[in-house]
Structure formats: C-alpha cells, structure tokens
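First up is the structure itself, then whatever we jot down about it.
Chain naming follows the written order as A, B, C, D and E, and within any one chain the residues start at number 1.
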C-alpha cells in the first residue's frame, strides 16, 4: 500500500493478492468499502492461494487471500489469519443424470477410481468421467481432505484450473461428475445430496454438510496501516457478512 | 518425345494435387469463419457502448480495455526503440560478424521460448527481484522482451528489402551513415516496421500466461503503470475459469468478440497502411 | 589538349574482392573539365574503378585496396580523410537510376539539406537551377511535390543527375547512365554532359563505343582489371596501340 | 538463302500491357535452321516479342494479345493449344542466367524428368551430351553434384543453354544471352550457336551490332514496338532500307 | 533470463527443504516442546539439529482428543468444527534433495502431500501433442501455402492471406474456449469415451493454431522465390503444378522450414488453449482419448498455488522446456546449415 501525493484527504491504496476463488468476494468487498470510504482504493489481484500467502509473508501485498488452510511450512511464517467466509463445496453432475444422491463413501470411491461406472451407484450403464481441480487448488485440497483421499485421485481424472472450467465440462458431458464452490452453482448442473443432505449454506452452518473450506485473509498485524486494519474489521462486520451470504456461508 | 499417356497422367496428377490443396485451404478458411462466427454470434448480443465504457462489475469492461491499452503502450514504448535499433545495428553496421552472429542466435532462441517462461522470468525478476510487484510496468517489461524477437526479425526483413541503391545514392551525396539510415533507409522500411508493430500488438493483446503472472488480475481501473490490472485476455480467461455467475459466460463471449474485433481492426489497419505506403513508394 | 590539369592521380592501384584480384596495378591521370570515358568488356572492372574514386567500395566488406589515389593534393585513402566530405565533392550517378522514394523536390534538396542548408528560398532556387541544368525542369516544374518514383526511367536518370549537380561537386562520376534508356533520353543526357564538362570533371562508364566516341575527350580501355590503353578518344578509336583495343572497338568481342 | 521453310509465321500481332501498346501490327516469318537476330533500342519490344513465341507472356496478368502466331501448322494462341507441350518444343534461354538452386546434374535433368523420363542411365547420358554440346562438360564433369549457383556467370549461361538443349526442342529462343559475359565466354556461346543452327531454329536478341553481324542469318530491327526492317543480315547491315536503321546500326543512337 | 530460471529450478536437486526439523503449532494456544514453553506462538519452531529426541507436551484438553496420529505422516490433527480452525501440530522433517533421475523418469506427480515430482508423463504428452499437431497441421498448411501463393488469383490470395493472418492474431484463450465448447464434446461423441478432454482435442486445437504461423511464413517465402525460376521451369515444358512443387517449393524450403519451426515452437509452448482442452491428468496417454497434461500446462496450473519446493519444481519444469527448445533450435540450425551448404557449395 502507499499514500498518494495528491491533495485532499490522504489517499490510501490497499494491495490484496492471492486466491482466485476468494477474489470475486474480495472485489465485492472492495467495491462496497471504497464506495463508503472514497479515500481508500483496494487493488485486488487474483493469482492463487500460494501467491497470496507468499505475498503477505514477503510484504509484496498488505493482505493475502487463501482459499485453503495454510500448509505446515506456511504456518511457520507466523502470519495472522482472518477467516472471512466459509465456502461449501458441492458435488455436481449433468442435469440429465438420474443419480441425485451419493454417500460420502461412494463419492470418495468415485474419485479414487474404485467406482468407474454410473450403474454402480444406481445410474445408467455409462463410465464416469471424473473431473477434478488442479493440485494446489484450495477447493481440491479441502475436498480431498474432507473425504479422506488426499493425493489418491484416480490417474485419469480430468483436471481443470477453475470453477468455470469444471462447471462447463460437467454441463457439457452427461458422464461427468465434478465439484465446485457452492457460490458458483447454476442450473447448467445438478447438485448432488451427500448422505441425503443437500448442499446449502444452512446445512453448512448447522454442521450437517461437511464438505467446506474457509476463505482466509492473511496479514501481519504489526505491519499493516490503520486503514487496512479498519478494512479487516469491516470484513467480519454484519454489513460485509451480508455480502458473503449471497454466495457463501457467513462466519459468525 | 513425350507420350500422350504421360501427358494425360500428368494432368490427372495435377488435378488431384489441386483438389487436395483446395480441400486444405477450404478447411482452414472454414475453421476461421467458424471460430470467429461462434465467438461473435454468442457475444454480439452483450456488446454495447456501456459494455465497453463502463467500469461497473457485470456491466462493463472499461478497466480491462484501459489496462490492455496501457500494456500495449508500455511494451511497445520499450520494445520498439530497442528492436529497431538492434535491427538497424544487425543489418546496417554488421562489420563485426561474431557479435552479429551471437545476437542473431540469441534472438532465434528468444523467439522459440514458450511464453509461460517469459512469465516466470518476469515474475522472478521484475515483480519480485526489482520489487515492481504485479504491475503494468512489470508486465510491459516482460512482454517487451517477449515481442522483441518478432519486432527485430520483421524489421530486419524489411530493412533487407530496402535497395542498396538507396543507401549508395545517399552516401554518394556526402551524407553520414546515420543521416542515411534516418532519412532514407528507415522511411523506406516503414511498412515493415509497421507490420512488426502490429504483430507485436497482436501478441501483447493475445497473450495470457505471462500477463497473468506479471500483471495480475486486479479489476480496478489502473491509475498508473505501477498498479496491477487485468487485460481483456486475462478477463476472458478468468471468466471461463472462475465463472461465478451464470451471466459470466455471456460476458466471456462478449469479451472474446471484442478481442476478435480488435484483432480484425488491427489487421485491417495494417493492411491499409501497408498498401498506402507501398503505393506511395512505388508509383 | 593535354594542358588541362589532372583532377585524379591514381598510382599503382590494386583492388581485391576477397581473393579475387579485380584491379591490377592501375595508373591513371584523369583531367579536370573534360569527359573521360571508361570502356571495356563486361566484368573487366570499370564499375569497380569508378567506385574507387568516391570510396563507394568501402561499403563492400571484403574489398581491399592498395596504392594511392589523389584528388588534387589529398590522398583520398588516407585514414585522416573524411569520407563524407570527399563524397560531397565527388558526385555519382549510378548505372540504375536510384531516386529516393520522396518527392522530386525533396530528392534534389536532400543533399544540400543534409549539409545544413535550411533556408527554404535558397533551397528552392537551388532545386530549380539543378533541374534546369539536368534538362528536367520543364517536364516536372508543375509536380515537384510528386513522388520521384513516378517518373519515367530517363526522367529518373536526369533527376539523379540533378541531385548530383545540386551538391555543386567538383567531379561527377556516371556509371553507364544511358544503358537502359531509349534514344531520345540518351541524346538529352549526352547533350547535358557536353554542357556540364565546362565546370566539372566528368568520368563516364559506357558499353557503347559510339557514345564514347561522341562525347568523351579521353578514353581508357580496361581489360581483365588492367588499363590496356589510355589516351585522347580520337587517338584510341582511330589508331589504337593494342590489337585487343582495336578488336574490342570494332566489335570482335564484347 | 530464302528457300528454308518458315518455322514461325506471325501475322498482325498486337500486344498490350494494360493500355500500353507494346507491339504494333508485327508481321514476320522466322526461318527454320537459321539464326534470326532481333535488334533495336532499349524498350522497343524485343523481349516482349521473343516471349510471345513460347507464350511466356501468359504469366503477365495484364498482357493482351491480338493476331495469329503459327508454329508450323498450329496456331499457338489457339485456346485448344497445350501451352505445356508448346514450351516443350520451344526452348528459351533468358537474358539473366537463371539456373535452379539445385545441383548441375539436376538442372539439366529437370526438364526430361518432368516429361516422365525416369531411367537413370538414360538421364545420365542425356545430361552428358547436353553439357558437351553447350561446351560446359569438361569444366563441370567432376562436380555434377555441386550446386549450379556456384558456377560463374558464363558457366551458368551455358548451363541454361544445356538445360534447354536437353529437352531436344525444335526452337531455341535466346534473350541477350551474352550481355553480361566476358569476351571468352561470349565467343564460346557464339560458336555454340553456330553449331546448333544446323538442327534448330534459333532466335536471338542482342544489343551488340557486332554480334548480330557475326552470327545471324536474318536480322529484324525493332523500333517503338514495330518491325521497321527485316531481311538477310548482310542486307540490313550493308544497305539498310530505312534511315533509322542506318542511324541505329552506326551508333547514332542507343 | 536463462540464469534466473535455472537458479530457481536447480535448487530442489541440490538443497534440502529446510536446515533442521521444525515444529509448527496450528490453533494451539500453548505447548511445551523439548521442555520449552511456547504460548500463542505462530512461527516455525526450529529444533536444535543436535537434539536426539522430540518431546511435545500438549495442554490437557487437547491430549484427550489425540487420535490416530499416523494417518498423515507429519501432522497430528485434532477433530475440530471447521476446516482452517482445527488444532494441529505439524512436524516438518526436512526433505532431502530430490533426485534428478526420479524427476525425469517418475510417473507420478503428487506435489502437495506425497511430494512426488515425476514429469515423465508430461514430457511424453508435450512431445506427443506437438508431434501430433505437426503431423496433422503441416501437410494442410503446406498444401494451402502452395495454393495461396501459386494458384489463387491475386485478389483471392490476398483475401485468404488476410484471413489466415487474422487466425494468427486470435488470442489463444479464444482457441481454448472454442475447443472446450465445440471440439471437446465433439470428440466425446466421436469416440464415445467418458470425456472428450483428451490428447486428441489438444492435437486438434494445436494443429489449428500452428496453421496460420506456417501458412503466413510459407506464403511469404514462396512469393519471394524469383519469377525467373518459374519462367525457367515453365519454359522447359513443366506444368504449373510441377513448377510449383519441384522448383518453387524446393527453393522456398528454408523459409518454409522456418515457418514449421516457429509453428513447432508455438505448439510446444502453447499453454492456455491446451489447459482448456487436454484434461490435464498427469498420466501417460494410452489412447487418443486419454486426458493428458503438458509441461507448460503444469506451470500455469500450479504456479499460483505452489509454495516451497513445489514452486521451485515448477521452475525445474521450465528448465526442461528450455532444454527442449534449445534442442529444437539446435536441430533446426543444423538442418538449415545443411540446406544452406547444399545450396552454396
């Protein structure tokens, strides 16, 4: 961040960098906040969770964003962490797919390659096209961790580097199964219930739907300016959390 | 000395080749039309003045247009002078064959390097090492290195086509070498330099991987070249990748249409300017 | 006729293109205010020689030169000689007309401008005078702003001559200025040379015996890089000293 | 001398480049087994005319032709005429030597190969014989695999002649084949023409009066796209019917 | 530039990930490690390299929950409510330098937890998709080069050339987009496979993308062949087609090779379009419908998310790309040198 030389009330720019899944939410935050505080500009760059963490650690950006919990090495940086939202991850299939409910076990087995045909889970006789995210994606990390198949993804799984790619791929392929952020569901795809529990914000909040991950903001308390501090506070305020609620699950 | 049989056979073979060539060319043209039509028919509905000139989320892409222009200007400002001077050096002062050979080899190599590696380099050197962060300047520097080979090669080609007679004519009038280059050689090579510029613009506008790594995807209207920003191509990439809202695909198509139309316009401008200059030169 | 002073004095000139020995021990004195013609079969070194006189061969990288070439008192191949000012004093018209891709006016004004002449009205006068002397003024006076490349071949050649004259050089070198021209244009240019030689030293390369005979005062006959014969044109054509010269002139080869 | 039959009969030939009228009502009969020389000032239409004889002008898009050109019995501009086989019968040597960037052997063998001759030993024989006749065999027999572009200008020109002979055409057209050659090469090629005319009809364009006089049986004098004079070479040179011919031949222009 | 990438990319084969064993506490207010008390400590705790054992004492309430510690090798976790708010203790044991042969020949790319960095499948995929694109695209490109430059009337030729240049200027993301929406479903339907994201789709899109490069450069090369060669060949009674192939095309060989080379470089280096259509599974392809991941795709996919050794490994992948390009360039220079010497000597 930095102060501009222009006159008037001191202008301040907050640099935010990191996760691409957090950045849409952060951009909305930024717009709303800047509208109320015209002296503050917030620059959001979505490059990836790893970059956000490194950026906050090295001071390239004041705030970093991550869509996954920190890894051990990164925890060792000693960054301060603020959870601004919880994002549920929904398993999705093509709307024409008759299957609408899977158990956690079945879901895991599909992703590890133990189940390869839809007829094994009560669907038609078609092989399953498994769609995943790229390694390192926050969404994938949380999904694998919650279902307990970390690094065991079936070898032939298709990997996309974004929610949109996964959704488009599932929407265009009746054999496909994928998982995406709850906030990105559209009627191009059908959301599966897991163990009979539909993926909704309410179910996440109540703890019955457990495939979820946090949206984190990282910073160093001792380095940040007072403007940034106020922005951080605001992000967990009811006003900000109301924005969260539109697509994600609020934190408090 | 040739039989009628052979002549007939030759004719058939020729015809066969012609059919094959026709098929190949038609394939190319059909795919071109398909791609352009696919993108534009899907995107045209969304394009409007406010789509291009509004900064508001979900309505306009003005910040991306501005960032794209910034990047184009930044990288051309850096790459054009360096590229032209290098090309002039290689072509006009090539009295040190070793140096020239080395520079040529370096350029050939640069030309073949995948753009993502330029991105890595820019990220490491400009963004991290020189502390520019992800910014238009870092991106401009990276992209200018990337388009340098294109500019040098194309400029050199056009310098090579400037007849030696022009140089001799000028030097014989007692002008210095620099005057000759500046007044006679460069103006004659202008169409080529223009082509180089346009190719460079096309590359800068179309490139995604290195831009993503060095400029970032900040959606704000950049206020200086030290700000991060999002180019049209990145916007398109980002929309397809992280499509958050149902309408994002519409916007993606519209953005793609804007890009395609931009490329089209740039091409038409080049063609027109080139023919204009050619005409001016020849007749 | 021998009284006019020598403009160029060439002594023991040897020129090599790489290993190829293109000019072999050439000795020659070129008189001022006269037309000197260089004749000889193709590939014998005429162009090479004429390009020695304004150091145009400097542009060819593997070209090496031995011996001395003096213009007036200065050794033009001395390292301290300023090539640019040498070329200012020695104008050249090339075998193929090579006007710049600019307007007619700009073509003629180009040289003086590069020398620092900025005054527009002086330039205008200079351009008009040069074009008049090259017998081109009447044909182009209404379209000085037009591109020079739109002129016909003969007009282009005369434009190049005007461009050379505008520099007010001491010497004009012409390499086969009429080889590609039709009879009428050829005649015009020959007349021009006749009038120019009053002020300048003119050296001309030609493949046409008749042209040499018509316009030159002195003739040098080149053969395989050597000067076989040099003297007054009338003497060379009427009573050549060498059998080869006679055979060449009467068309038995070339 | 007039008894030999006409190879080409040209009647009322008019040729236009766009709006430019390059050949004006040309009528001419070119005899077989003779050398016919075309002379005339630059730009008068000699090259244009010679290219009419093997329809090379087809390559120039804005070129339009009127009148009839017969070779033997066939009208070569008839729409049913096969241009390819016409050109097989009419060989051409261009003003500038233009060997293909391939080996010497491949250059000579190219034409026959394209006609379907595949037999390697027959090709070898043909190449050798053609090169011998073009007086080039001795100089290149050890380096037939070398690139043709590494030959000297004169050798290249002879290679192009060998290439044309290898096709065993009925006619050979040569456009200024010696204009860029040194005396020795020129002489060789002139001798070659002398021996070739026993079997072929030869048409040659030349700028050199002396050459025309030395080698040709018939001479046509072109001026501004018209044939001003045509007849036996001795008659054209010794007693020209037109004043312009006389003036051109004696070097009063061109 | 080379130096920078190399410096970053060679590190994992030389250095271990950390100088000593570290302990990291996540959401644990206090713990006693090797008899030292850490309260609200959020930095990595480096242990004395000489230490012979590691003793961790947890607060009582956590000890009750301690369960099944070996399921993740270095991390002890405690059941909590939400991901990110769990209490965990991580013990970072430094990894030794990675073996370069394993990097090159390893079949598994599991960079996050299992720390396997084998890029062999990606090398194969990169080479196969480039080769495939060349095999499919080059003949089409060359055929139309000749048609455009030699046979089409000049107006039409100009029109087609402009169109092809337009094709060259379209951003690769647009190609990828087109591939994702049209080509991928098409291939799925054609082969009846589970998914259309495959090496076949990558080859198809890549061959489409290298067409304009080869055609534009090839047409320029063919058009710059002197008219004299064509005249000479036609005057020898060769047909236009024979002239086009045996004289014009052969003379333009060097320029055409340049075009093919630049096309190859483009195919080898293409990133965004490939990511969208190839499926990106780091596996050895067994069929045309196998989903594959290329080297460039790996860099672009993971650069933003990677940290530590994983990040450095992506630079190592960059080095491999560099080497491939160098080899390609060397090969071309050889080839061109050969061709030039063929022409000049």
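We adopt the following convention: a contact is a pair of C-beta atoms (placed from the backbone, for glycine too) under 8 Å apart; a residue touches a chain by one contact, two chains touch by 3 or more.
Since the model is a prediction, treat every value here as computed from it, not as a measurement.
When the C-beta contacts at D-E and at A-E are tallied, the pair with the greater total is A-E. With centres taken as mean C-alpha coordinates, the chain found closest to the middle of all protein C-alpha atoms is B. In this assembly, the C-alpha centroid of chain A lies 36 Å from the C-alpha centroid of chain B. We define each chain's centre as the mean of its Cα atoms; on that basis chain A and chain D are separated by 81 Å. With centres set at the average Cα position, the gap from chain B to chain E is 22 Å.
Chain B and chain C have CA centres that are 46 Å apart. Counting partners per residue, chain D has 84-85, 88, 115, 167 as the residues that reach two or more other chains.
Residue numbers of chain B whose C-beta contacts span two or more other chains: 10, 212-213, 240. Shared contact sites, meaning residues of chain A that touch two or more other chains, fall at 20, 47, 160-161, 165, 168. Of all residues in chain E, only 17, 22, 24-26, 42-44, 72, 74-75, 81-86, 90, 92, 109-114, 180-181, 184-185, 188, 194-197, 275-276, 279-283, 290-291, 293, 300-308, 310-311 touch chain A in the complex they form.
Residues 154, 226-239, 242, 246-247, 250-251, 342-345 of chain E touch chain D in their complex. Contacts from chain D toward chain B in the complex involve residues 82, 84-85, 88, 112, 115-116, 167-168. The part of chain C that touches chain B in the complex is made up of residues 54, 56, 59, 61, 84-92, 94, 96, 98-102, 110-111, 114-115, 147, 149-150, 160, 163-164, 167. Residues 1, 4-5, 8, 139-141, 143-144, 146-148, 151, 160, 162-178, 180-182, 208, 211, 215, 239-242, 245, 261-262, 265, 268-272, 276, 296, 299-300, 303, 314-315, 318, 321-322, 325-326, 328-329, 333 of chain E are the ones touching chain B in the complex.
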